């Protein structure tokens, strides 16, 4: 019955859409008087041309995988969680408290503990909006937006009044103990004789993100809970008929979502900064929305979209380093990619479907 | 707290509420027609930038206003293209537009003015000047009413009065005109509109045009108030307007009260940054988060379930 | 196409009377790879009622939507009163004098009747004059055609029957000469259906042309002048109603002989499976919907509950199904169950051996976006046999099970990986039934099992329900179709206003008597009424 | 070839970063040399930018902002042959020059000016975020003001809690209005882009404003009392001038070496009364001589003046 082969839907359409987005990005670059071809070369080389570039790309991608998965879990239950930013912020606090609480002897102990801390704090920050949605019908889009602001204020307070190192000019926590240092790709790959740039921030968390993606797949498509989440997301009345408790699903889905967002902190806080700084999330929560939507709420899609956005972030940085193109250009490119792959994909799909239909009809004839 | 302080806080609330109100009404028209618009923030920013740029170049805020509206309209039309014509995801389109505005304003601004995305400061006729209503000098001396009239009611710019005026106007259009009936219908059940022989697409575009104009006004207001553009100067007001919209249950008069409330909360937060209650000093962070905290409390306690227009957020697809 | 109306109509027919009101030529329409209409030709005489029948998915609705300009045909011609018209959108159809009542109403739920009626047909930019004018016209129309509805009521507060009247009023307000009705009686009670037919007769008297799509052959025989049969997108036959029979039509539709009567042995009821005592249910709006109902259902019997929709039957089923709370006492196999809703839900009920085919397959019975195999365990997804291990569901096993069930229940196409929404109504219903019956329940709750389902599928569904009874299971059937109640049930109770009006045996009653009970006229009164006769 | 890395505010923030940019441009104009610069997008890029420049042989590398400290500590060790300059922070490494400013001293002087400019006894301050550096400005300002009007009042407001606080001129304006309503006559803005709204509103409302970091007197001529300039441009210029032979160590820039100060130019001459000027000069002299010690908020995170 399908109008198009699956591969076309999954690969061809996004690819064409991205090309269109890049074309328009090129137009913008050209319009501000720079050479688009040099720019793209700089970006690709900067993001994938060296292990350092790859390390940064994957570092950013790790953040986006976590927040993307977070948005996607909620979305399967038809909940639009815009609060990834706040949940990841609080996750950072959780990770920090865990890392600073104990002089960790080894990362293998610190990591699971920090994961629990980050996930718990992130989940806790998602819980209140979830509870209000389930019990009071308060619109979750609004409450999660509000919780982003409240989270930022809370973190500002805690950093300044609780975690700040006395006498330091910086509003940041103390450095984590050496035992809480997560192996970077350099350290992870060295035993295999692979030489990965020593300074790139990609770390162990990337593997955790991949594990989380696999877990996400099983949760959503293979477990009863995932089945109930999806069922509730499609139809609340049917869910009630089937004996699924809507309030329970709303709360659980949001707790998982918040936990995933909170988990992001093992990457940016524990893996990279190794201390808690203000605004450590830097919009990854919002990028997560785009990543989830572009990735069609499927872990593979989310993974690919995260890599794409990691590439844009890192390639964009290189653009700013070497081409003196304003850093906001990257934001423009991101916008165009989101627009064309996410919102305007029918512009590509409809003609393509017709093409395939005509083609298959011809074959039949 | 003395009377004058209250008046001044209210005055500040009105100033802060004006862009929220215009943006909120923009969202109202768009969502009433079934198009969810989280791109309000981006439109606001785009309008602020273009109005400021045009005013700076031409020396007239009125030309700035036109440019601001044009910019906001252009964004509206992109949103329409994505979510109406190509039946794309309205949320994604909105998110993309917000990014686009945040990036383009700076990239273009830098290319035009070489001020790092800022526009030159606006002076004189490049800004709206406050309107002093008749007799405000004379009345100012009268106790109670005088200061209220002079400080609170008089002395805002044209756009504030326009914003206030657009509340009854919106109400009238929505509930008393044919266009309004159709607009509301298309947000509730587009197939009913379609089978009644009216174009769903045209109606939704019309709603987006209105939203674009209103956002254009709001953005220009911001630029004029701040006397220029700096990057990201919309500072989340588009999102707050969306919150107000839900709070207002998609109704014009409620929108006025909701945005005034948000304005009031912000004004209070501005004025009382840290409050000492006995030994406990409430930290500034708390006061600044107060509007958001109160929003949550209000949503939890008073509003209950806000039911959006039934077809909002969905593209109208006849055949798949 | 011969006009077979009596001479009296002659004067209302204009000089071009020879031309048919509607003529379609070579209409084709494809939805992607699905050819919904293939080269269709049909012509309908002025002032006649023309029926269209066909299996689910045959393309009836699509054809009518094309005529109304809702869809655009890929090719073909439309002639109205002998003149070709280009119906590009509904506005053009309205201008050509066509009105349509869709199967799923196209009304704005939170608008008033008046607002819905004028929507798109307002005069001038201001609402007030339009509303005033419409109010007058509406009064006139409702007098003329027995179409009374409160012009200021909100649609969502109206019964389906009244909503349908609003749809008809909408068409008449736009001065439609041709009225298309798509499965208008699917959701109506018999009384409402009768009323509708009276209205249609009245419209016909006035010279209007009516096209009626229905799955109920009885209605076709009763009211139409001519009837067309569609199969798999093609128009296979057009005959005069007077010259055909239900059996012939059924065969034309389905392509084989169809048993129109339910064939069943007498019941041999055993011990009671469910005993209900003084059940009361209050809904979310704090309205008492079930007001102290007591009855029992035994092994090996089908208890039919007749009643006009909205008289508490739905709530009764929902309490039994476990997703609404109530007070009173319900025993299942002698054990009391929790009615408060605190310790029970749909799943605990299922564990007790209660299966439930809900009234609304779209909103309750199925997740339309889920594939068939996922729907096949909906509500039973916690059952141990569907689990692979403590964590994961046994998806492969479920798919295999689904394949078997689909084959057994003749679901077409028998593809477990197809999304539920891409099956026709009849086949969707078979999926729900397969799921609930295959669990081998002690008690099967069935609500409106054949609503909107074609006769081929109805035959099959009825056979399955009877087969379950013959295995000694208890069945509680709720239906607004008296036909169905009478032919399936072993015992009938009638509900009105949340109460039981009386109990009858199918052999000892008839539609007339049940109809009176359904209208709230009690046993005594009925007897009086009978005595008076 | 030297390089400079601007902090998140961007090089045209009209204050701190822009001041460093001006220093670099001055060097470029005078020597005809070229340099490389970059504006950061995220925190993770600090170390990346440093490293990328160091790897590619840029020397010296200047970074504008205290937030680079942590990144610089590791990078400086990895590139012992490259010279670095960090502004606003001390990083102890053999190849790092740390330039810190006594903002509290400059703020003290403008506080004195504010006290003379105000007829009443209330002035105010608008900061960006509640962070120690900003409190340092506020505290110095309050001390200077109170040295003249000990019973006076200084209203201190912060714009917000997120980085958006640095770019919200509308809110800056509202804060200024609120302060005026509370009696303030002079407002000192240390809030990045938000400060532009403060200056504008002060002009609209007939108040006086005090600019920060760069000389902002020209932004609202006649309404900006003075600017607390912080000669970041000099620090950058010096670093660029010295090139690869940059002298490491800690350099404290205060009133004594013209590192900070109150700007007087043709835009505000008319506002500075001789009496005010004398008091400012006096305060400057006393601070330089050590007769007056301005408390630095950052040493103990308290402020004696409020």
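Just so it is clear, A, B, C and D label the chains in written order, and each chain counts residues from 1 on its own.
Criterion: a residue touches a chain if its C-beta (ideal position, glycine included) is under 8 Å from a C-beta of that chain, and two chains touch if they have at least 3 such contacts.
To keep track of the chains, here are their UniProt names: A, B = Nucleoside ABC transporter membrane protein; C = Nucleoside ABC transporter ATP-binding protein.
Just so you know, these numbers come straight off a predicted model, no measurement behind them.
> Counting C-beta pairs in contact, which comes out ahead: A-B or A-C?
A-B
> Could you tell me which chain lies farthest from chain D when each chain's centre is the average position of its Cα atoms?
Measuring from the centre of chain D, the most distant chain centre belongs to C.
> Mind checking the centre-to-centre distance between chain B and chain C? Centres are C-alpha means, answer in whole Å.
Each chain's C-alpha centroid was found; their separation is 47 Å.
> Taking the mean of the CA coordinates per chain, how far is chain A from chain B in Å?
29
> What is the distance, in whole Å, between the centres of chain A and chain D, each centre taken as the mean of its C-alpha atoms?
Result: the chain centres lie 36 Å from each other.
> Hey, what residues on chain A touch two or more of the other chains?
149, 153, 156-157, 160, 326, 330
> Could you check chain C for residues that touch two or more other chains and list them?
32
> So which bits of chain B are touching at least two other chains?
Each of 110, 117, 231, 236, 285, 288-289 in chain B touches at least two other chains.
> Which chains are in touch, pair by pair?
Pairs of chains that touch one another: A-B, A-C, A-D, B-C, B-D.
> In their complex, what parts of chain D are in touch with chain A?
10, 36-45, 47-49, 51-53, 66-67, 69-70, 78, 88-89, 129-133, 161-163, 298-301
> Report the residues of chain B in contact with chain D in the complex, numbered from low to high.
Contact set of chain B toward chain D: 4-5, 8-9, 12, 15-16, 19, 110, 115-118, 121, 222, 225-228, 230-233, 235-236, 266-267, 270-271, 273, 284-285, 288-289.
> Contact residues on chain B for chain C in the complex?
Touch residues, chain B against chain C: 175-182, 184-185, 188-189, 191-199, 310, 318-320.
> For the complex, which residues does chain A have touching chain D?
52, 56, 59-60, 149, 152-153, 156-157, 160, 164, 166-172, 175, 199, 201, 268, 272-273, 275, 277-280, 282, 313, 316-317, 320-321, 324, 326-327, 330
> Give every residue of chain D touching chain B within the complex, in rising order.
10-14, 18, 130, 156-158, 160-161, 164, 167-175, 177-178, 181-182, 193, 196-197, 200, 219-220
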